[in-house]
Amino acid sequence: MPSLSSMSQSQDIQFDGLYAHELTVSRSENVLLEDAELHLAPATITYLYGENGTGKTSLMRCLTGLLQPDDGKIYWNKKPINHPESGYFQDLIFLAHSLSMKNELTIAENLTFYAQLRCGGSYNNKELQADISQVLTDLGIGGLEGRMFAELSAGQQHKVALARLMLEPAKIWILDEPFVNLDQKTRGWLAAKTLEFKAQGGVVLFTSHHHIDELPVDQKVGVEHE
Amino acid sequence: MISTLLKRELKVARRNWIGLAIPLLFFIIVVSLFPFAVSPEAPMLQKLAPGVIWVAALLSMLLSLEQFYRSDFQDGSLEQLLLMSSPTSVAISKIFAHWLLTGLPLVILSPLLGLLMQINYGFEHINHTWVLMLSLMLGTPTLCLLGAVGMSLTLAANRNGLLVSILIIPLYVPVLIFGASTVTASLESLRYNGELAILGAFLMIAIVFAPFASGRALKISVG
Amino acid sequence: MAKAWRWFHQLGSPKYLFQKTGQWLPWIWGATLILLAVGLYYSLWASPLEARQGQGHTVRIMYIHVPAAALSMVGYIAMAIAAIVGLVWKMKMAFAVVRSIAPAGAAMTFLALFTGSVWGKPTWGTWWEWDARMTSELLLLFLYLGFIALHASFSDRSKADKASAILAIVGVINIPIIYFSVKWWNTLHQGYSVTQKGALAPEFQVPLFTMLAGMYLLFAALVIMRLRAEIILRNQKSRWVMEWATADAKKVTHD
Amino acid sequence: MTSWHEFIFMGKHGAYVWSSYLMTLVVLLGLFIGFRKMLKSLKKQVQSEAMLPSDKRQKTRKLKVSQPD
């Protein structure tokens, strides 16, 4: 129960990047996480491990602001994520397990929509379409821009979702199981792009069932019983 | 931002037009049942017309609610929308698009139903069809707004098909009362601007509260 | 003021609320029983009869119909207030209160409808009349049932709480709109203005007000009982609940 | 009220009056009993869960942050 006094108290947060303070998350009566502290510094890659049902996804959704924690606060560059000045949602790309693409739209239309939603009119449409073609070619599905999303195979659909990472400017990626069901080549591509993003000062958090050999991480986080 | 959302809605709807056509077809078929069930005599049908057309419109709006947020919720794009724009603006653009795609066609189709229900029987100079259209024009957006609230509340619920109807039908009653009585007043050659004004007032109240409530409910459903 | 504020916060603690309501409950029940005993004596025995239209004893139905109808409205408004407290101050216990009012409120609405209908038969000659108050009461029952159905349809309790809190608030905005719409519609189809206006004769006031007070307290007692169960339901895993459950068991075995 | 006879038959309206009061009694008593039972069964449930060995009960979960090997 957060009391009013503690909510108005402004704490000085020393950490850049994403910082979760005294986070308590529960679903119905089950406490998934209690008093968790987590710091994702700029230019780091964090690997969130653990079996299904341990609260991995809930923690992740909490960090995106979609799930309200029972207690605790989350800061982005020292400001609470819901504070308008934090700019968190401008900086964040969250790829969930569901691919978030419309079956009724073409690949290009799907990707264009998200890019425009994030950048408004600032993204020149011609440039954007060229970028989309480029990324799709890199992913090995070049030339399919005009296809309906529903017509693609599961693997191809997954690649389209990953293409968003290249098309929308961001400072933090939160990725739920990005490597699952990917072929060897695309795994390598994603790992390389993630390292590139890190080199530019990006924050990365991803979940996975297994260790990813291609991607050296800076921090490992797991939800454990006590 | 709202225009981007709106464009996408319309594009998706265009490729999914059959889903939108079904509630409209339902609207026509339900109304055309009444002459069989009651009587094909024009004076009788005329007396029933306002109520029958309004109830059919209401049910058709209820049917089309399923198209509202459901597919966005299921494929995960709703949470992406909520991450990138404010819940209220997501709700506003969704509601507006939904009304354009379901409410407006009802308004446009209503003269046909007025014809079936003999709404102008015995009147040479007054055209009740316009009043019918006007009442639906003011009433259906309110139905849409209330429906959006109900739909966003039940998105994450376990059983939702009929649940949403149970939640919002009581809220539809005032709109139904004034919508149907606008047309009835016109048929009885009475003044109906009062009724229209009240329908307009309902719409204003709904516009102020519903998108906000729906947005809050969306956040809860997605969380 | 600061004291009141602090007390309000303490009520947010499940343990405190459970203990306090446990202390209040016997007193509330005591007062309820006394008031209802007096009220029933007046309403069933000592009340004067309605002289108009030879209705005589049917006035006795009013002594439960009016409190039930009043409580059905008050209950819904209380639900909405608690829902606002829950959503704005993120006070979890407020949601428990909202959920606890619903069954008692729905019961009162049902009773208002039932007694209204039974009262209607001898006075208007029909079991059901589309009279403004009865119609609003019927819609209110739908709102209550919708609330309960919505709350029961989620597997995640916090979602259920928040979604149905929004429904309660939307509903309460609609209650006056529904009431005035129905009233307007009713006068349009005139002839059914059965609920006569005019001040209640003083000899009817004593039984009515006693019954009102008694039923209000009874309602509060029922809500508190439900609330106590709800608190335990929501805090099954807390240590204090375990202590409460087991401490009592020990006492029983000692006796 | 003048007699027991009148009390029971309430003029000719006995059925109406008594059915109203009876229904009120039944509904409110039903709620009372239902709520009482609910609290009691919850108590029993908590008691039986308290008997469980402590490792079967749900544990709190902590976040473990570590450096990669």
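We just call them A, B, C and D in the order they show up, numbering each chain from 1.
Definition applied: a residue touches a chain if its C-beta (ideal position, glycine included) is under 8 Å from a C-beta of that chain, and two chains touch if they have at least 3 such contacts.
Per UniProt, the chains are B = Heme exporter protein B; C = Heme exporter protein C; D = Heme exporter protein D.
Owing to the predicted nature of the structure, the values given are computational and were not obtained by experimental measurement.
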Counting C-beta pairs in contact for C-D and for A-B, the higher total belongs to C-D
Between chain B (Heme exporter protein B) and chain D (Heme exporter protein D), the Cα-mean centres are separated in Å by 40
Separation of the C-alpha centres, chain C (Heme exporter protein C) versus chain D (Heme exporter protein D), in whole Å, is 15
Distance in whole angstrom between the CA centres of chain A and chain B (Heme exporter protein B) is 38
Rounded to the nearest Å, the gap between Cα centres of chain B (Heme exporter protein B) and chain C (Heme exporter protein C) is 33
Residue numbers in chain C (Heme exporter protein C) touching two or more further chains are 155-156, 236-237
Residues in chain D (Heme exporter protein D) with touches to at least two other chains are numbered 58
The positions of chain A in contact with two or more other chains are 31, 68
Pairs of chains in contact here are A-B, A-C, A-D, B-C, C-D
Note: in the complex, chain D (Heme exporter protein D) contacts chain C (Heme exporter protein C) through residues 1, 7, 10-11, 13-14, 16-17, 19-21, 23-24, 27-28, 31-32, 35-36, 38-39, 42-43, 45-47, 49-50, 57-58
Listed in rising order, the residues of chain B (Heme exporter protein B) that touch chain C (Heme exporter protein C) in the complex are 149, 153-154, 156-160, 163, 166-167, 169-171, 173-174, 177-178, 181, 202, 205, 209, 213, 216-217, 220-221, 223
In the complex, chain A touches chain D (Heme exporter protein D) at residues 23, 30-38, 47, 54-55, 59, 216-226
Touching chain D (Heme exporter protein D) in the complex, chain C (Heme exporter protein C) uses residues 44-46, 49, 55-58, 60-61, 64-65, 68, 103-104, 107, 110-111, 114-115, 118-119, 121-122, 218, 222, 225-226, 228-229, 232-233, 236-237, 241-242, 244-246, 248-249
Interface with chain B (Heme exporter protein B), chain C (Heme exporter protein C) side, in the complex: residues 87, 139, 142-143, 145-146, 149-150, 153-156, 159, 162-164, 166-167, 169-171, 173-174, 177-178, 181-182, 184-185, 188
